[in-house]
Each structure stands twice: as C-alpha cells, then as structure tokens.
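Per-chain numbering from 1; labels A, B, C and D assigned in written order.
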Amino acid sequence: MTSADFRRIGAAVSNWGRWGAEDERGTTNLITPQKIVEAARLVRKGTVFELGVPLDADGPPAFPGRIAPLHLMTETGAGQEYPGGARWSDDYVVMPLQAGTQWDAFAHVWYDGMLYNGFPEDTIGPHGARRCSIDALAGGVTGRGVLLDVARHCGVDWLEGGHVIGPETLDAVAERQGTEIRPGDILLVRTGWWGKFAAERDGAGWISTEPGLGLACVRWIRDHDLAALAMDNWGIEVAPGEDPAATNPVHCVLLRDVGIPLGEIFDLEALAEDCADDGRYEFLFTAPPLKVAGAVGSPISPLALK
Amino acid sequence: MTSADFRRIGAAVSNWGRWGAEDERGTTNLITPQKIVEAARLVRKGTVFELGVPLDADGPPAFPGRIAPLHLMTETGAGQEYPGGARWSDDYVVMPLQAGTQWDAFAHVWYDGMLYNGFPEDTIGPHGARRCSIDALAGGVTGRGVLLDVARHCGVDWLEGGHVIGPETLDAVAERQGTEIRPGDILLVRTGWWGKFAAERDGAGWISTEPGLGLACVRWIRDHDLAALAMDNWGIEVAPGEDPAATNPVHCVLLRDVGIPLGEIFDLEALAEDCADDGRYEFLFTAPPLKVAGAVGSPISPLALK
Amino acid sequence: MTSADFRRIGAAVSNWGRWGAEDERGTTNLITPQKIVEAARLVRKGTVFELGVPLDADGPPAFPGRIAPLHLMTETGAGQEYPGGARWSDDYVVMPLQAGTQWDAFAHVWYDGMLYNGFPEDTIGPHGARRCSIDALAGGVTGRGVLLDVARHCGVDWLEGGHVIGPETLDAVAERQGTEIRPGDILLVRTGWWGKFAAERDGAGWISTEPGLGLACVRWIRDHDLAALAMDNWGIEVAPGEDPAATNPVHCVLLRDVGIPLGEIFDLEALAEDCADDGRYEFLFTAPPLKVAGAVGSPISPLALK
Amino acid sequence: MTSADFRRIGAAVSNWGRWGAEDERGTTNLITPQKIVEAARLVRKGTVFELGVPLDADGPPAFPGRIAPLHLMTETGAGQEYPGGARWSDDYVVMPLQAGTQWDAFAHVWYDGMLYNGFPEDTIGPHGARRCSIDALAGGVTGRGVLLDVARHCGVDWLEGGHVIGPETLDAVAERQGTEIRPGDILLVRTGWWGKFAAERDGAGWISTEPGLGLACVRWIRDHDLAALAMDNWGIEVAPGEDPAATNPVHCVLLRDVGIPLGEIFDLEALAEDCADDGRYEFLFTAPPLKVAGAVGSPISPLALK
C-alpha cells in the first residue's frame, strides 16, 4: 500500500454531493425518521448504559497539545451571605474538546485542501471551523446502535496494540452474534482497549499503540451505509498505522470522503456484557454533541437504551 | 411569606432518605426501567428536536462571575506536514459549566449547612463537589418528557419578566392540552423567555428579570413526583423573587429538599410549535450531562424525540 | 493620505537588517550597556512608580475576542489536612496576553506577508510565533525612560478621543519640559486617557475612541532612535484613524518596519504628577515581559525609578 | 524537632505589627528609598541578566493540580481582510500563577487560622485573597540583590536532593565571596537545582526532591532583615523536609510570620557565572509581580543589573 491508496479509496467511497452541495451532516442524513422510530422500538428492558468515561484528572492520557480536563470552582459557598441563607457553588472547565469520550467533526481531519463535501480548508481558522463543525450534528447522533464485540469474538479481554481489524473480522463477528447491519446504523466496535486502560491505568502504554480498524474497513463501512462509527480505543484506526507513508488514512477517508462521525474512547464494557448475556446487540443509541459553535469535536455522554 | 416559609415547605416536600442515605440521584430514581420503555414508545414520527442553544459568543448574557464560552483553536491545519498529506484541527473550550443550556447539580444550591439528602456542605470545596455532583446523573436524564406551554396557554409569545407561574396555571395548561402528568416524568415548562432573547437579542434586559415558577409550585412538583424539571428561562423561578427575604427559594427547595435536577435556558420553540400542531405534548426526552467529576452543573444538548 | 503612504513611510524608516538578518530585538538593541549604566544613575530619590493597571474584572474593557482576566482559585485552604497544620492556596489565570498593561511583540501586527526584519508571516501559526515573539525581549525592556506629558502641556486632564498628536507637539512638549530625547530612550507619552477611564469608568466610551499618535510621528520616532514606546491609551495611535483606507498604520510601521516595542494601557498619572513637581522627566524604566514562548504580547508591571 | 518547633520559631521571628496592623507588604517595607538609590548605584557594567525560565510546554514539571502554561492563539493573521492590508495576531494564556519563575504571596501558605500580620484565613476564598495577595507587592520587589552561590562554594554543579542548607553555610559562602548582607537586601541563593533540570530534563526526578534551606535558616533571614528571598529550586526549603511532622515549615514561618516574599525556580546560572568572574555578588534586582487582583502568586521575569 502507498499513500496514494487512501486517496483512491477515498474517491471510490466518496459521499460528496450525495445530500447536496451545502450538506454538513454527512451520513447522519441516513438516519431517517423511520429509522428513529424503529430504533426506539429496540428499548425493551428499559436499561440505560452510560458509554462515557469520566472527565477527570485520572482519565486517559492526553495527546501532545491536549491536557486533562481542568475543573475549577468559582463559588463553593464559602464567604457567602444572602438573604434567607441560600448558598451556591459554581464552576468552570478548561478542556480540549476531544478529551475523553467524544465525536470528531468532519472538519477534524482532511487532505488535499478540501474537507468533506468539498468545502475548502481555509474555512477553518483561528476562530474555528465555518464548515463541518460539530454543532452541525447536534440534532443527532441518535438512532439504531449496533455493537460488534471483536474482543469477545477473539476470546480476549482486549486485542493487542497494533492488531489490525479487517472487514472479514467485522463480518465474522456480526455473523457469530447474529447481528444484521443496516443502512443508517450507528456502529460500535469493541476492542477492549478502554477496558485495558481501566484495568491497568498505564496511560503511557495505552496511548502509544492501539488495536483498530485497517484501511480495508473503509469500503465495508461505506457499503453498509453506516450513519456513525464509535469505538473504545482512542483513535479508531490501528496504531501504528499500516503504512508509514500515510498518516491516519482511515480518519482521512471516513471524515473527509465518507462524511461519517467518528466517536472515540467509548466505554463499551458494561454494554458488551449485557449484549452477551441477552444476545441482543442492538439498541437505541443517542450521543448529541454540545453545540459549541465552530468546534471540531465535542465531549459527549453517549447512552445506549435496551 | 417570610424566609422561614421555604424551610417549612422544604421540610414538607423532602425526599431525604427516600432512596437510601447514600443516594445522590434524587428524583431521577423515579425513572424506572418500565418508565423508559414506555417513554421510548412515544417515538412515533421519528422527529428529533434539539433543545440546546448554541454555545457561542452571541449567546445569552453571562451572570456576573461567568463568561461566554471561549472556543480556542490549537490546530487549524496551518503549518502541518505529515506523511501522506493529512491535516487536522483541534480545539479547546474555556467555559462556565452553566453557560447555555444546562443542568444544575443538587450541589449547586443549598442552605443551612446541608445539601440534598443531608450531605454536609463541606463536601464542596475548591476541588469540586464530592457529593451530589452532576456526574452522579450521567445515566440520565432520560425518560418521558412532557411539555406545558404556559406562554401559548396565555396567548402570548412570552410571559413578562416578573410573571409568577403558580400551580393552578400548571394544572390549567395541562388540562387545556389534555396532558397527563405522571410520576417519573421530565417536565418542560415554556414561558417563551428564550424566544424573547432570540427575537430581541437584548441581553441586559433578558438577564435582569424573568417570568418563572413561584414557590407554591414546589409542592405541586413534589406531589406529581416529577423526575426532572427544565425551562426556557435562565433560572426556573420568577425574578425578582416573590420575597426579598429569601434568595432563590425555589432552587433551595427543589435542589436540596426534593432532589430534582433543574434544567435552564432550553430552547422549546420548535418543540412547542410541533406539540401545538399535532396535539401531542409527550415525547422521549434525553439530556445526559457530561461526566465532569465533581462538577456542580453541566452543559447539555437535550433532545426530544416524537 | 492613502494606504500606500504608510508603506512608503515604512520603507523609509525601516530598520530591517540593521542588527543582522536574524535579529528579533529591534530597537531594544539601542539600549547598550552604557545606556543602562546612565539610566541607573537617574535613580536619585529612590521613588518607585508602578505603571501597571490592576488585572481584575473591573479593568479596562476588552476588545472583541478578548476577555477580562479570569482569576480562579484551585486551593483556598478549605478541606486541607497536612501534618503540622500548614495550609495553602493556589490559583490560575486565564487571560488574553494583551489584557491590561502590556507590550505588543513585533509579531503582533504586520502587512504584505512579512514581519519585522523580513521574517515571513507563516512563522506565526496556531502554536504561536516562531519569530519576533515577546520572549525575545525578555532581557529588556530596561533603560532610560522619558515622559512627554502631552495632556499637561495642553492644559487638560485628558485629550479628547480622535485628537491627533503630531511630531511638532512632541517637540513642543519636550522643549517646554526641558527634556532631551536621546537614542535608546524608552519614551512614555501621556494623553490622560487612562486617567479618564479611572475617573469615569465608562468602558464603552473609552474603548470606542482615543487620542493618539498620528502617522507623522513615525518618522520622528525613528529619527530619535527610540528603543521603546509606551502610552496610557489602549492603542498608541489615534482612533478613529486618520485614514479609513489604512487600518492601524502606526502599528504597522512601528512594529514591522521600525521594530520598536509598543506598550499600552500604562498608568502614568502618579509619575506625571511627580515629574511636574520636581521638573525631572527622566528615570530608570524597567518592564520585562513574561517569557511565554511564542507569545505575541505580554502583561507587564512596568516600574519607573526616580 | 517536632511540629511545635516551627510555631515557636515563628513566634520568635514574627514581624506582625512591625509596619502597622494593616500592613500587607511585609519585609519589602525594608526597601527604603535610600536603599533603592544605593541599589541603583550597583549598576556599573550595564549588563542585564534574565533570571526567568521560559514559560512553555517543556518547562519544569508542574505540581499536582497545576499544568504547564497553555498558550493559545486567537488570531494568526489567517482569514483577515482589513483596509490597507494590516494583519494581526493575538493570544491567551491559561496558567497556574506559580508555574515557572514566580513569587509566592504571603497568602500562599499559613497555619493556625491566620495569615501574615494576623489577617484571618477566611479572607481567602474562591474569589481570591482579600489580604496579602501578590498585587500588594507590585511596587516592588526592587532593590539591592545579593547572590550566595552555595553550589559553587561546595564545588559542585548542583547540590543533591535532600541536602539541607544551614545558616552556617550561608555565612561561610558570604564570607568566602566577601559579600556583606544588609537589611533590605533581596537574597538569591543558588543551589544549582535549576541547572540540573536544564542539563538533564528529568522532570520527575527534579520535582521529587530538592536541596534547600533548613528551618534553622529562618532566624538567620530574620536577623539579617532581608526584604525578599529567591532561589533556583522549586520550593525554597529542602525536600523531603527535615521533619515528617511538619509540612513546609520554612514556608509557614517565612510567609506567615516573617512576611517575606519567596521566589522560586529562578535561573541563576549566567548571573552566578558573571559574579564568579568579576567577584561582585551584588546588583540592582527587580521583579515586579503582575497585579492580578487577589492572586496568591505571580509569574515574573526577574532581572539583575550589574
């Protein structure tokens, strides 16, 4: 494979223009009202799974240029005197928008001067992204969620760093689970990588490598017309990458060419356990991003309702 | 009314101990799995309503001590050279956790040295709240949402600042709408106040007063065993308050004694329009807070699914 | 005057190459060791004048895109238990580097693709300025300070907004004061504009206009080979500007072509009073910027020692 | 030694009330105008030494609860269109006020409910310190600086972590150097610890221990009536401390009882070299803190002028 490959694949799977020249919602357009109604019918037990990891100083290690979320109190009740005796507290957060569990906006990664749907890269600047920012997806991302538990399929707590997940594995897991993948689905892929961090707390090791998708999965994702993709590793794609000549090719193609939101650092442990227990790997999924204007990512608290 | 009144009412409506001595989830405990299943069945059209307001510099005016969300880019693609040509952007936010559409945690307001469920106030300090912080509610707040459109009932675009909404009005609106309020419901009350800001952009006027609940509503809320309450004004209760001797008595009693999450600055305009159109004022509501450890509030992107 | 004028003047007064092709210190190179020794000899009374304004929420209004300094406590002593009983406090600041009294780095303003000394503009990016950042001046800015009290010369507490100060006025003030301007001097020009804000606290009015230097002063500054220039207004040059076709031409030429640090929002009131009292308008001046790597400005606490 | 010891010593060296009941300037009161005039006369070569370390992501490791300074650009010139072609950049910093080279305010450390001069500890709260904050020292700290180069005296590049410097060593160094210590002096003590970090970049090791002053130095400092004390380690006093039963006893006594500003993480390498060369260990020292209202510390760019 060479760095030309992802460009060729990107062209083949492109959704540019599919929902109009001004579209900034990408594959989330596939979540039609009918899909939402069907997804809601998947709620049968009334169990709610939190898929977000805590935002605190003990969280997953930050990438260079990012910090752990900084939570600062401006009121604690100390020194207050109000008629009637009320007291209050108040607080701030200083955080990278992609600290912890989060969506990547389409404007997060691109190549060759253009973002998803052909918007020029100079729509991104010091004031944020004028196109393809995360607030364009605030109405979503809600629909039928489907879990593919690759780690369980492979009989391990977690896949090793550098393990490449290919489309044949996704098919095998789906078949073993008896899970049908449908257009407009929000796919969650479990590698066990978050569970590894939770168990070992070895941040430096955790961030230095990861199991993840290989570039070949991109066409599979497009062929299935998925609406969104989220995983329990920190970067969706395998690290180190398959090809030293291409940096984050899976991001490049999925965000820019396919226009599909990518969710990272999801905690899928309890959900996966439950799915294995009852054999149902589908659920109502919802993870609306914050409407930070012009942002290229957003922290989220995703939920799965079964 | 005197400032003693809200203490007496608080004692009368208290939920302390109802869900155990260690409980930090308050009335969200009322959202049982059965309630969630029933709520999901309310999704019939597949329409998704975003109830969050944009987080930007043009948003609602900040209270003293708060700023507008500050969105800062750390990568814009400029100056990058990666193998294969990938480019990326990245960003930070600096914001009060209660800027924009948000939940108040139970630890946000209290009196007489104790928070909800009797936790001592010194569990709140410069490092955050060790008890009753917003991440305790991350599994929620999801369930049956019900809208009471008071402004429409009164035949106005928005109620005037200082207008006190009493329980008899809530009853009248529910009756007129044909809406049944049930235990475990998440109640949304529309005053039109956000619509006023959206129409006029007069921040100083908007923040100086508001229509809102009177203290008498507290017992009504408790009697109906609501799970959560959210409104389109900036502070739930009427401002200026009914009694100069009591500061934010509705917050005091609802957060500390009842233990019910309060949502503020919701955009209910489009949802209200739709409810008036189809006559259905109930829906699946979901608004999971960010899991910022120890935080006393959280920005949210609430959704209503009909 | 047209916008071409400041380019012509810029070319005429350029210091590019004067201190070598790699120079990032500009006119501060004029402060030779001998100048420093001479400046120190001006300390005769042992009086120290603070020229910095307080950094607080009540300070001068921020420009669009800037906020007032945000001071946040992370420790207040509350909840601490240390052997022996020690307690401590700790704090953060979130601030624009040009909030309050500050230096502009040469990288703060430029035109035609090049910064001071011909460095290309793409040396500035999301990670800061690789060239001409403020930390390049950390060794300074210390030397002989000279005050020209234009407001006092004109017999007013402050000049009016829009008042253009020309070189002939600077000469007249110097002559009236009996002040000799020498190469390597750090010139402070008092318009009274800070005093106006301190007296009236009318932020909106204060920031909307100001008295300041006209473009004609640029050549005067270069002819006198000043090492630095600081004023008590918010932007050195008159606002509104003399020519609608040129935005901040004085900044453009002084920072980019002359390479002279500009100091803004200095409190010169007490110093000016003292100078008028004893007739000595010269002093040891020192205002070292913080060494924030890559920053294009720095808050400072300037001192004048007489 | 027991934890009672530092209280006894604190009482013995107390300056409370010495400059009045409202005093917040402590020993900097000792820097009289005459002292300033004398200090200025020490400037003979015109050499300026920067004593501040760079504020960047590669700086000294932060204490728990602190981060490295975060420098964020809000304007880079990208996307700008102004009449005449001017471009500009702008930036923010998010930083602990005691990141890097800094002063501790008297409100930074205390015990037994009272700060320097007997101010109650509840003057410190979420909004900052109403008493003994760093802006009270903005007029200073400027005066006669004196360097005691302990590392050079001991014939090492740096003292080992845990090395206790006692008063007899300070006397020996002063005698060997021929340096007279006078009331109102600002004392700089070199341990070589910053040089160790600069040479090795081993942050974890550097922050885990340090050479520093023992508690016995406190009386020596008070007897010499020093106006300020600064060192090249991260915390003035030896770490681990001499007595596990007392946390930071040197801070406790110096800040609270003596009321002397403490400067940390100074880069004394070049200055020390020069002093050894010319045999002159005295100079004009200036390090005005930023006037952040209510702050308990401030980053500084200290200068020594010889």
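Keep in mind that, in the parts below, a contact is a pair of C-beta atoms (placed from the backbone, for glycine too) under 8 Å apart; a residue touches a chain by one contact, two chains touch by 3 or more.
This one's a predicted model, so the numbers in the text were calculated from it and none came from an experiment.
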When you check each chain against chain A and chain C, which touch both of them?
-> B, D
Which is the least count of steps on a path of touching chains running from chain C to chain D?
-> 1
For chain B paired with chain D, centre-to-centre distance based on mean C-alpha positions, whole Å | 47
Distance-wise, how many Å sit between the C-alpha centres of chain A and chain B, to the nearest whole number?
-> 27
For chain C, which residues are shared contacts with two or more other chains?
-> 70, 73-76, 78, 92, 94, 125-127
Could you draw the chains as nodes, link the ones that touch, and say if you get a line, ring, star, complete or other?
-> complete
Chain A - residues contacting chain B, complex = 3, 6, 32-37, 40-41, 43-48, 50, 52-57, 65-66, 69, 71, 73-77, 82-98, 100, 107-112, 121, 124-129, 135, 138-140, 142, 243-249, 251-252, 284, 286, 288-297, 299-303, 305
As the complex stands, chain A meets chain D at residues 67, 70, 73-76, 78-79, 94, 122, 125-127
